[in-house]
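Once you scroll down, you'll see the structures, which are given as structure tokens.
Common to both upcoming complexes is chain A, partnered first by chain B, then by chain C.
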Partner chain A sequence: MWTRRVWLGLRASAGGRRGFPSKADPQGSRRVTAELIEHLERLALVDFGSQEAVARLEKAIAFADRLRAVDTDGVEPMESVLEDRCLYLRSDNVVEGNCAEELLQNSHHVVEEYFVAPPGNISWPKLDEKEPFSHC
Partner chain B sequence: MATPVLRWCCPGRRWVFAGIGGVSRHGRGVPTGSTSSGKRGQSSVAQQPLITAQKPRKGEREWAAVVGLEIHAQIASNSKLFSGSQVDFAAPPNSLVSFFDASLPGTLPVLNRRCVEAAVMTGLALDCHINRRSLFDRKHYFYADLPAGYQITQQRLPIAVNGSLVYSVCVGKRRSQMVTKTAGVKQIQLEQDSGKSLHDSLRSQTLIDLNRAGVGLLEVVLEPDMSCGEEAAAAIRELQLILQALGTSQANMAEGQLRVDANISVHNPGEPLGVRTEVKNLNSARFLAKAIDYEIQRQINELENGGKILNETRSFDYKLGCTVPMRDKEGKQDYRFMPEPNLPPLLLYDSESLPTGTDPQQVINIDQLREQLPELPRVTREKLVQQYGMLPEHSFALLNEVGLLEFFQNVIKETRAEPKKVTSWVLNTFLGFLKQQNLAVSESPVTPSALAELLDLLDRKAISSSAAKQVFQELWRSKGKTPAQIVAEKKLELMQDAEALEQLCRSTLEAHPQVVTDVKKGNPRAINKLIGLVRRATLGRADPTVIKEVLERQLSL
Partner chain C sequence: MLGRTLREVSEALKQGLVTPTELCQRCLSLIKKTKILNAYITVSEEVALKQAEESEKRYKKGHSLGDLDGIPVAVKDNFSTAGIETTCASNMLKGYVPPYNATVVQKLLDQGALLMGKTNLDEFAMGSGSTDGIFGPVKNPWSYSKQYREKRKQKSHGESEDSHWLITGGSSGGSAAAVSAFTCFAALGSDTGGSTRNPAAHCGVVGLKPSYGLVSRHGLIPLVNSMDVPGILTRCVDDAAIVLGILAGHDPKDSTTIQDPVKPFTLPSLTDMSKLCIGIPKEYLTPELSSEVQSLWSKAANLFESEGAKVIEVSLPHTSYSIVCYHVLCTSEVASNMARFDGLEYGHRCDTDVSTEAMYAATRREGFNDVVRGRILSGNFFLLKENYENYFVKAQKVRRLIARDFVNVFNSGVDVLLTPTTLSEAVPHTEFIREDNRTRSAQDDLFTQAVNMAGLPAVSVPMALSSQGLPIGLQFIGRAFCDQQLLTVAKWFEKQVQFPVIQLQELMDDCSSIFENEKLASVSLK
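Showing the complex of A and B:
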């Protein structure tokens, strides 16, 4: 809930504090190339099926770009909202496990007590690799 | 100067350009390479390569190789890095997997204190700077044995940085001298291990066992300070010994507790570094050096033939004895690193900064860990050299075999014999027998007490050294008998009656006048014949050195 308030606050301050640089044209300098789409699809295994999806992506990028309106010079980046919290250290005791049966129920396809996956890595149809990458 | 000779700067190594003609060879199946036989491949004049960026100079051309290593060591802990499931090598598939390890929704990582201590101890042993504040990140990639789709690691700010690993290599013609070298430790980080995939090509599927998923790993990154396979292997060996001495990892390569990837490139000395390749799957101590040397030679051959080195990932094929390209994902991997949102920064303290009134279980004091560090192999070796006057090579040999040092120390405790004698017997005779029968020290039929007793008999001159060897052999074969018993049974005691020996010598001299003449003529081997005769007469119960003494006196030489 508070994140939304902060965002709204930022938006307001950004608009009010100083002149926006010319509004970033989503179709202009932030053009998302076909190459980039292919790269993202491979990385995230997401399917940008249509031009509409790509347009939506470009709008999302433009939306996030508004963060640049805030001047953060000399401000130490906050990497985690947990930075003031204590990292709990657990004692080195065995308290979990031994639930193979339960876990295997989550999978459609099992062989003895193994999960089953397609051979090698998940191959991407567009690439012209003949064999998937064989991991050891 | 017909054949360009490549000299590759590694102690004692000379490599000959093994290319033939202008055809460059790629990838697998290059038969030349890993052996250092200089005779092979000495072709006639090398033809001009077809494609050259730079014409190779005829004549001597030096190459320098640069090797950096990334080592993953499994932390010796009861439970995993972020969950409470057990760490064990052999267990029924998927039986040591918690909900977090299986990446079920709603689970969160909880850091294991023991793993942090292991990382700090290792960092201290390698003279690293321990970061008082370190961070965890997610490294994303898709693979069936990585159920979460990312690995939790420490990319931005690892737990330890800027250390050094001191190791030794054998140099010299007879490889008897030890030279100390140093490899920089770039960083040590904590990260999760992945599960295991078993490929079933018959049914075109992969079987996944997540027992290993989430086990704590220490990634140790060594700077590219090594120049050949031998140095890399020696560095790895020393790291293994350190980890084992600290108890932070059992570092057994055969069981996958220590895995090594090498980054290798070659260049002409004085010129900038070449393109590097990464060689993975170097998981055998035996083949580590060979694989690295193969890759170095492959790169040299490729460049000499006018080819180029691709920045790629290769794998070592043990059967073929060569590196082969791994079918790489297109372009460079993009791991999309991001901070691990579920873990706050890891804070470590020292005695000065330790916060008061906190639960000791929740804070880690670096100074306390430093005080509790066990003795490092380097220190143990130095002590051995100082205390027992042995050569550095001997101290290395004693530490190189599991249980050997303890055996040696037990013998020393119980015997009056000189340490040098003990060292020699343990490293030559004892170790020799072990190696012959492929036994570990723990499986030895001879106990330290037995050897100590034997050495005492030798020290008291109750038996000769050749008799001692016989006794040792008998000890090895028949359990339960003591050296004294064997000596009595086989009548191996040295003659204590000096007068009787004098008599025997005199009678032998009288019986063989021809040999006596030979000796007096100056034939150096004639005296050995006499010694042999006397020995037989004494039924092997006289020390040859003593016999020689007596004979020489009697012959007034």
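Showing the complex of A and C:
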């Protein structure tokens, strides 16, 4: 169970040595700090939920670190296998649409022709202020 | 009739030996009989019967739409189907009914195919076992086959029959199981890292991954935009070629489809083998490869050679890095693609209404399972400003090296590569779940995902049964957009190996009485 108590405990103990993971870490494995966890959760709007999830991330990073062994000097990144072709662009004419009703049907909260969202100017709470997580 | 090829059934329909409604009924009842497999999430009975009725009218007038008119097909549940729930086996999309058809689905329907239902998968197509969806795992029909059970009786003593069931492989396990169990003639899957070929090999069916850019992805709920391809699962190579002929082609709604004209094709018979050059990538001979698969691979290579083809060893030097590269690129693109699920316009929405961010976070926590969340978080890590160059861009560079490896090999005169599809035959579920999803995917995608990175066509063809009576398939990889040549070679191979038909006697016996006695006159639609 990943409760707030454990969170705070982790932050307190990591407080002294905390900082962003070093870029040029020769060992290759990143320490996943509490700050990084918070940062990723904020960006992804998805929470880790448990210690296992953090451990999985650490393993995933260690796995990805194997890429360092490949010599990619002078190699251009490849974005698409179709890079030698031009993407097809449709002409800018309206040929379909007028399906607002159909689209609105899929939403849970709708008022007239609007999707209703909660207020957007309230920032995501800091770690200390959050409700304790429940493991899903 | 259900065991026939597409062409044979199509002929039978044209000659009136069987009607679309009869075919539809048989498949529907077989779906009910094989419910234990959990291959289907949604069975669209009413829709299918209505389509069958219309198809029958066309046949009576002699105006059939083509080879697929009146043929039962199934579609993986990550393709949008208008009016039919599309869930991706996730809570995030449970209850979501798309207002449109994916292009490939539309093409099938335009040809008169009967949509039997939506098949089960790993949640959002992430996984290699079809075990991680909210509707439960898919069971491999071969778990119940005579071939497997006879071998098990020799070994096991009084174990419960069902506790040792086997996985189908994934993530298109439902589609593979549906085709393998004769509940449809063709099924759509998706292939991002091997998700069509892996279950095809484990379920003893043909799994085709077309060239990237050949088949439209419009309506396929995306996982990795630069690697996803709709896959085709059928019981023989010829059938796959027929379906590909219908699905391939430019789609104005998917600008990553090539604009070159594409026509349906028939597969010629290979007569002059001396012009064919088969490549065997030496790096694919890994210690994890089971000895049975290895020996079948050798046997296949020898078969080509003995018939006059040139068989040479080739090198794909960056093979050992391809799974790592795939891991980084896949999670990064997933992090981006999954961002669309915020609960606002469609899909699950939580009860919190405090702020948009709180609502999005809670919705996503409730809607996604651990696997999906894990990949999103990993992907976001690799895309962080301080990591972007070292991970994401690095992986893109390695991708180029991998794609180049293939180009070099094909430029040296090789027509088709021959490799294993999987490390071994299907394993029992109890064994599979001992490792987590990411580890399993990394292990099982070994032979298949490099193909996705290079965008090449590949097909898994069942070759023989293992000593346990389970299917083992081999993979053929072709040059980009040379899908026809690839399938020609695969068809020749299929004919040579004569893979046995699955014997699902227990399930079929129950059905045969239905074949004799069924009345078509009045059918109550619930």
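As a convention for this text, the second predicted complex is superposed on the first by the 93 of 136 C-alpha atoms of A that agree within 3 Å, B and C clash if a C-alpha of one lies under 4 Å from a C-alpha of the other, contacts with A are read in each partner's own complex, and residues count from 1 in each chain.
Basically, contacts are C-beta pairs under 8 Å (C-beta built on N, C-alpha and C of every residue); 3 or more make two chains touch, one makes a residue touch a chain.
Just so it is clear, the model here is predicted, and its values are computed rather than measured.
Undergrad: Where does A:D47 make contact in the superposed view: on chain B (first), on chain C (second), on both, or on neither?
TA: second
Undergrad: Going by the contact rule set out at the top, does A:R85 touch chain B (first), chain C (second), both, or neither?
TA: After superposition on chain A, A:R85 lies in contact with both partners, chain B and chain C.
Undergrad: Which partner does A:H108 reach: the first (chain B), the second (chain C), both, or neither?
TA: After superposing on A, A:H108 lies in contact with chain C but is clear of chain B.
Undergrad: Using the superposition on chain A described above, determine whether A:V94 touches chain B (first), chain C (second), both, or neither.
TA: first
Undergrad: Looking at A:A34 after the superposition, I want to know if it touches chain B, chain C, both of them or none. Which is it: first, second, both, neither?
TA: In the superposition, A:A34 touches no partner, neither chain B nor chain C.
Undergrad: One more residue to check, A:A117. First (chain B), second (chain C), both or neither?
TA: Both chain B and chain C are touched by A:A117.
Undergrad: I'd like to check the shared interface: which positions of chain A are touched by both chain B and chain C across the two complexes?
TA: 39, 43, 45, 79-80, 82, 85, 87-90, 99, 103, 106, 115, 117-122, 136
Undergrad: Hey, which residues of chain B end up touching chain A in the complex?
TA: 77-79, 83-86, 92-100, 102, 104, 110-116, 135, 140, 142-145, 197-201, 204-210, 280-281, 283, 315, 326-331, 334, 336, 339, 341-347, 361-362, 364
Undergrad: Which residues, counting only chain A, touch chain C once they are in their complex?
TA: Touching chain C from chain A are residues 20-21, 23, 36, 39-41, 43-49, 53, 56-57, 59-61, 63-64, 66-70, 72, 75-82, 85, 87-90, 99, 102-103, 105-109, 115, 117-125, 136.
Undergrad: Across the complex, what residues on chain A touch chain B?
TA: It is residues 39, 42-43, 45, 79-80, 82-100, 103-104, 106, 111-122, 127, 129-136 of chain A that touch chain B.
Undergrad: Going by the contact rule set out above, which residues of chain C touch chain A in the complex?
TA: Within the complex, chain C touches chain A at residues 96-97, 99, 212-213, 226, 250, 252, 255-259, 318, 321, 324-325, 327-328, 331, 335, 342-347, 349, 352-361, 364-366, 368, 370, 373-374, 376-378, 380-382, 384, 386, 390-391, 393-401, 403, 436, 438, 442, 453-455, 480.
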